[in-house]
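Shared chain: chain A. Partners: chain B in the first complex, chain C in the second.
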Partner chain A sequence: MTANKSDIELKNFFIFNSSYDSKEGEEYNKVLYYYPPTDDINTQVNNVGLVEAIIKFTGNFKPDGPLNSLHTLKKRQLYFEPEDHYWMVMTLNLPFMNKSRNGSTYLEYVEEEVHDSIYKAVLKQAYSMYRLFSGTYSSTDQQNNVAALRSKLDHFYSAYLKTLKLSNCDILNVFSGIHFLPLDKQNFLNVQCFINALECNYPIIKNVSFLFNDSLIWSGIEPDDTQVIYQYLISTLLPANIETELQGGSIPRNPSSPFSSLHYGRFITGPSNLKTADSVGKVPKIYLNNEKDAAVYYFIVYRALNASICLFINGDVTLTVELFKELDEFMGPKLSSIASDIAEYCTRHIIPPNTSDSSPRFIYFNKLNLAYKSTVHLDHRQTGNIACNKEAVQIIADMNSKKDLLGYAGETIVKTMNDYWVVGKVSNLREFYVVLQHKNASLIDISDEVKKICDSELKGIFFHPM
Partner chain B sequence: MATNCEIEPGAAVESALVTTDSYENFQQMSSSLEEIKNSNYAAATPEEFLDNCNNLDNDIHLTCSPVTSSSSRDEDYLQDEEWLSKSKHVFVLSSAGKPIYSRYGNEDRFASYFGIMQALVSFVQADDDSIRSIHAGDRKFVFLFKEPLILVAVSKTEECTIQLTAQLNYVFNQIASTLTLSRLVKIYEQRRNYDLRRLLTGVDRFIDHLLDFSENEPAFTLGAVQCLPLAASVRDSISTAIVQSCSKIKNVVFGILLAKSQLITLVRMKKYYIHPHDLHLIFNLVQASESFKTIESCWAPLCLPRFDSSGFLYGHVSYLAEDCQACLLLLTVEGDAFHSLSEAKQRIVERLRRGNCLEAINASLTTREETCMEMGFPELRHYLYKCKSTAQFYQPTKGAPYSINCKRLLNLYKQAHYKLHCPTRPLKLLFERNGNDALLAWDTPGFELYAVLEPLTETSSAITTVGRLLSWIKKREDKLFQLNAPTF
Partner chain C sequence: MSSLKEPYLELSDHPVRFEAVNQVTNVFFDDSNKQVFAVRSGGTMGVVVKGPTEDTPPINFRMEDRGPVISIKFSLDQSILAVQRTTTSVEFFIFNGNTIEGEFSQACKKNTAILGFVWIQNNEVALITDHGIELYIIIPEKKTVKHSKTTSIVIQWFVWCPKNKIAVLASSHGSQLQPAIFKPGTISKLSKVETEPGRMTLERDVTLATLYGTPAVLILRHQSGPQTAEVHVHTLNGPGQAPVKSHILRLGLSGRFAINVVDDLILVHHQASRSSQVFDIALQSESDGTVNYHKSVAPAKSLKPTSLPLPGLVEPQTHICDLYSPNWVVFQPNIVIDAKLGCLWHIKLSLTTLCAQIPDLSVCTQLALKRTNGKEVLLQLLLDHILLPKPLLYKLQESFNHINSVYRLWAEAQILMQTASPVSAPPPSKPSAPPRVLISQSDMYHYILQKLMINDDHLQNLEWALISYMTSLSEYCIPVEFSLNELLIKILVQRNKFTALVQLLQYGIVADSKPLACLLLSLGNLHPSASQLAMDMLVRLGAIEEIQEVLIDQGQLLSAFKLSQDCVSPRKFLQAAEKLGDPTLFHSMLYCFRTNHQYDKAFLKDERLHSFLQHYRMLFPEKTLSDKTT
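Take a look at the complex of A and B:
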């Protein structure tokens, strides 16, 4: 990799509705959101026009799937139609390198470094995140009006786009998986009992999700909702909160009474200081179950030590400070003790991944339960903190995008030009990728090594037929 | 890898073909004609030469079939299920949006469609960019804009963008090969709205054939040619016959003998090489022209775009004899050498007859190559071996299960070739297996090997098989490849 390679950049991002009637000269009415706002109306209308032309042109040939992308020499444009006639479009500037030949320098754009599958996933997530907080585009349009939809989109995406870290996006965006924490029976039952007690005592709580650090232990809501909420928690809400914790410290709240058990709990969404709160403040509402019949819930996150619990409360009840006080009293001690038990279990049983540079790295994903595990990534937050060659991670994305050609089950082993080995296995809906760095290994050594890793890391998970 | 990398069957010190990686810059063209002419004090100046070309309208004897005039019904292809279900459409239009070619259907009937394609190209170009491809479901829309033409493929094959672009480039070269690039550019400089079909009557058929050919021949994927298996002594005496018979004639650049899309020998002028892409066009020309078979010999102006895109070579094209269906091409820069080359051809045939070479060629043409099973490799289903230094490859006869389903096999090869040569992430080795087949693809400095094996093959036995295969090829290299590069 050359040092002077530019990063991938967001060129523009816009949402339009192709069904809005527009007379000549009023095409800009179709545009619902456009970034960057510095582009003039003419540019906006032209860009939308090109997309509409492409939709029409390709549609004539009746492809069997949706319009995905446009590749040009310098750019990549991705398309997503989440709801009928509502199109989301994202344009990226391809990374380029300065190269010189015969004394003259020129720019070389690297088309292959930008995977459609990854950035389409980014686009889909931009939609899911909006829908989580504001419901579908069409529902806003119908219940309120276009102006309301425009202002909501503007409010949401102007902030959201700033949080995108495009150059750190990789195969994990495609999976959009969930990291689960494997627990022993006792600890898992403790979590279960706590959740059941909570739901029985407070029937307004419809569902509960439970996380420890960045790992999910239990979620009572639908998998696709869990997926979005998990992403939101670990990439936005919890990191922001941990920063405040680091500043203020996590101290027991009632040290005055030595007889009561320790209580570290506090609300992350909802009133932050219960002693001084006289109103519940602003509690976020979210839209769940959007695919079937959407319902609105209050989204309350409560945290003690490293454990976070999400309460989904019926959106039409009135929340009171008393409720929060009682919940705090109920959950605080129990959650604190569960969290410290789990922490203890983890230090004893979970072996930290081998950090030496040359050890094999792997990524596992199961589409059925959305579980993923990665030793390629050093955290779950997409900070670009990866433990192996970036090219190898790109090869994994290559393999993933071609996995349909392998069919029901298959295996790919490749050796790169700089003598990395990357192995991909697909079986049913499970995928397993390993990156190995053995300079002088043979194909036979590598396939033996991968068998060993499968035995130790994926005990009991059967790969068919190899 | 465990096997010995030193063996490079088919490697030779000198090659008559330009060796190439197939995803290299397509634009690259050389201009060798002027050089040859000047070094040999040929008469024509560049201007005269261009003038000659401009008078060629009527000479281009490739006008074989009359243009079918647009028929009665003006059907809308976009409603036509059969038309839509074609796996790959190819369109050619001028940069002004004038239809020139459509692989299926009459291009006049969806002229507005060509307008849209042109608009897409120019819209993106206005932004100082250029459109490459659009991806929608199973369809890929691939664009190649090479002044003054726009070429578009609409494909639902599994070929990747870069392979489709390469195919479009072949189509462009086919058009350039009938007109020369310089002339093509000049025509549009003079009249932007020119209807190029007037000059390309009959070329449709060559493009049709080229597309089928490039879809079905691994030669295009590999950027290499296959040789007709012949004993080295026979091949040498054929080359000698060609060299000696043409020795008195000035400026013969290439002598090519081929049969059934396989090369028998290639003789070249010192310092000059032919690019495999150009050779593929020559194969296409011979295969798509029935007329060569019936006429005793033809005189065809022919531009080899990779060799020199600005002017014509003249080709003396003839089949060797009634009883030997090998086609001989003698390419020269002299426009008036037909008679001397006809005589040379007679001498070549006589020499070959005396040396019993015709029988040897016929024998090889009628013998079916062995399948892997017959070669003694039961676990191997099929393979491609490309020697990089000579740009030649070898493949055995397809046995079960690919004798019927050879599209699937070719697809495997195309996928593997792309993975090995992906521009930013090339690979040295690829081993892939699924429920249907296992494939080992290996790129070394000297050769590329693509071996398709039984699906449950273990890596260890795959390595052993490949090792054995390489020594099998090594033993037969002088028969399977042309190892020397004879010159005039």
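Take a look at the complex of A and C:
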């Protein structure tokens, strides 16, 4: 491993529709979005043409299966067809190292560090995020026109691509899981009752999700939608908000009476200052349930202390400042007290993971409820802040992509050159990966160690072998 | 709502009728036996005794007229009649059911005047004079009276509570109120009722009652100026039954009042406004640390109009009774007498109507929980509230909390009684009476939740109510019964809310049990999470056999076998392996059993297993051939 290795880079990213009629010389009509904008139109058309050719060519051999990626010496190209004839393509420059042999230097490209599954997941996420805010590509095309779709894509992806941190992408992108807060029954039921009261009082609220810090406690919407919204909240909306909170200082707004119940709530989307607001302002709208029967909802996020609550309100009602004021009055005190109860529970019952370097690390993922837990990662925001060797995390991604070979239940153990052991276990649609660092350990030692971790971490669930 | 205007208090439909007061007839009421005495011409024209209800057969007898009767009372067993005609003596007669005979009398001590007399027991009577109390034992056989005890104290007037055998003795114009408790042969004075120094009290303003099993002295305090009247409630539950001023009822009115108690609720009738207020001292209220200040639980309402049938010349007529009439006299606990009309009513409370007029569900619940017939009313009240288009869920939860706090206390007491205690331990205190209203989980299930399950339109409200109820149970650490857990799952399945169901299971809201795990397994084809959660539940229950069954069913034979290798049925496994049609798996399974000593024997014993050997030979003919050659 040499230090002067280059990072993985985005070479280009484009979306095109292969069904658009194209006469000779007008192929650029197919291109819906292209990054970088600095590439001239010829390069764009050539790249799209090449991809189309590859799709056609490979289709001869494998007409049913999806086309995933193209590996070349210096590049990796990933393909995703989210909707019929709409193709998303991402080309990455592989990281490389300067090596010298016999006095001459040459570049060595590190192909094995770029996992198809991870970057395919990145591509899918890019699509889901767009769809959340703007609906499907085809619906925009049908309801408006291609020009509208082009401008929407341009507007969204130009900003979105800037936020991509390709070198930090890892196995978590593949899972794109949700971190659930471990909570006791009573606190959870209190959250439930609060949500029920909210939905009962305001029937325009169709669904509610509840987060505490970066962890989900409750979501009333379907898991695939929750997944995207969760990603958006913890990677974009909440971090941005916390920054403004830190700048402005999160002092309670109603300190006038010490006897009134504490009220720390405020809207994150929607009017930020209710006292001065005379109009609702811009409230984001999102598209949910895109797979079956898409519907538009207002997406209102309200936060008190560390608890954030997302309200999904019927998109066809007119929102008024009065409604926001009423909601604020209803939610503020209750949410504040629930949040402080949960915070108290967390400080008493949740032990922060051991931060010492040599302690075993694990990643857990359950495909069915999308729950994940990781002690490999030190936060939920994919900042590349990991607690063990990067190589080990890459081995996990390799194991994950080959997990189908294990069948219903099974185990893989890998030992690396630098005394890392990576153990992957699969059972009952759950995955569990453990990273250990042990010098001179035998397979039996490792097996025992893993068993111990399983006993403590996977208590109360069916995970084979028990 | 019409129920908002309806009166919640009414007079009994069948009042005790007696001859009204006129020139020749005097009427007396004995509040110990609740009997009305109509004495015609001093007794010579007959005495008619009625009560306590209209159904009780009246007693008739005659007695000599020896001057105006001041007071007349039967002993508690109706065998001796006591009549007071002077302030110095009381006459006694033996009563045999029809006539009086064997007269004897007892005078009080010299230079004292009798204020009244009360029967303490069947044969013990107390004469209360202006100088003290004299206790006498009556010996009917000898027709004699035996003095047993005298207590000296200056008394101006007294109020008697026959139920608790407590008298409040007043002196210094009622500024000194001395409660005394009567026990056979003894009188014990309790601590004085604390009143503002020098504040005088009239006899009619003092009421003795029993509230929630505790004797209490209720004193009506009229205020001067713009302030309105109050009732001060002194409960006799201090050390040594000392009276403690614990509650103040704010009447918000001034004028003439009368007090009754029905089902531990204090009714205060106001004559000028012809209305009555209801107070419950058990309700939470404003408090200054020692005294709780109560307001009427519902708006003041007049009693329900009532009428009497009158025989008419041609056809019966009805007489509309004048309510809150100046002729009314009230007696404890719930008696109203109109002597001019010749009627004795009992006041009744319609809890349903009262509750309908209390806007706050939680207050209503607390009130209903303390009433003798509160259960049905409360269940109906909750059901009605849940069915509102926008039920107030937090109020509902408060209600459930009140219900469950009673439920929890009762359950704890039950457990305590059933727990065996060591011989040396003191015997458990006497079993506490069951609460007046106990709403168990099964009551909730049968009378409320199940009713809502029938109608699809109510499912949303049912879900809200059920979650609220379960939250409340959890707050009181009461384990949720299976029927409720099952109901919750059914509702969510019916409403297609699998995501919600999964999250509820994830957080352990639904308690683990084998039947629930089976229910979840059966839902597995609708939602894959259900079977995963079912398996987790089985693991937590330690149900290895069931897990094995499920795995065999899923075709995970090797996993199932690894789980437990003792006491499995080879036939089950081999059958499943044969059905799956995977020769390698069949080979592994069979090999596994044949190499295991424990199971190999079974192949000799159990002929049914032979078919599997044949099947094996069919699958692997060359292997069998090679076996033979070797």
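By our rule, the second predicted complex is superposed on the first by the 462 of 466 C-alpha atoms of A that agree within 3 Å, B and C clash if a C-alpha of one lies under 4 Å from a C-alpha of the other, contacts with A are read in each partner's own complex, and residues count from 1 in each chain.
To be clear about the criterion, contacts are C-beta pairs under 8 Å (C-beta built on N, C-alpha and C of every residue); 3 or more make two chains touch, one makes a residue touch a chain.
Being a predicted model, the structure only gives us computed values, none of them experimental.
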| item | value |
| --- | --- |
| Chain C versus chain B on the shared chain A, clash or fit after superposition | fit |
| Which superposed partner A:His71 touches (first chain B, second chain C, both, neither) | first |
| Partner chain(s) touched by A:Ala409 [first = chain B, second = chain C, both, neither] | both |
| First, second, both or neither for A:Lys185, with chain B first and chain C second | second |
| Apex chain A: angle to the C-alpha centres of chain B and chain C, given in degrees as a multiple of 10 | 130 |
| Touching partner for A:Val110 - first (chain B), second (chain C), both, neither | first |
| Contacts of A:Ser219 with chain B and chain C, given as first, second, both or neither | second |
| In the superposition, chain B vs chain C on chain A residues touched | B |
| Which superposed partner A:Phe57 touches (first chain B, second chain C, both, neither) | first |
| First, second, both or neither for A:Asn369, with chain B first and chain C second | second |
| Chain B versus chain C as contact partner of A:Asp39, first or second or both or neither | neither |
| Per-pair minimum CA distance [chain C against chain B, superposed on A] in Å | 7 |
| Shared chain A surface residues [contacts with chain B and with chain C] | 408-409, 465-466 |
| Contact set on chain A toward chain B in their complex | 50, 53-54, 56-75, 110-113, 116, 391, 394-395, 398, 402, 405-417, 419, 442-444, 446-447, 465-466 |
| Touching residues (chain side chain B, partner chain A) in the complex | 1-2, 78, 84, 113, 116-117, 119-120, 123-124, 128-139, 141, 154, 156, 158, 161, 415, 419, 422-436, 456, 458-460, 462-463 |
| Complex contacts: residues of chain C adjacent to chain A | 390-391, 393-394, 397, 463-464, 467-468, 470-471, 474-475, 499-500, 502-504, 506-509, 528-529, 532, 535-536, 538-540, 547, 554, 556, 559, 562-563 |
| Touching residues on chain A, where the partner in the complex is chain C | 180, 183, 185-186, 188-190, 192-193, 196-197, 200-201, 203, 218-223, 226, 366, 368-369, 371, 408-409, 428-430, 460-462, 464-466 |
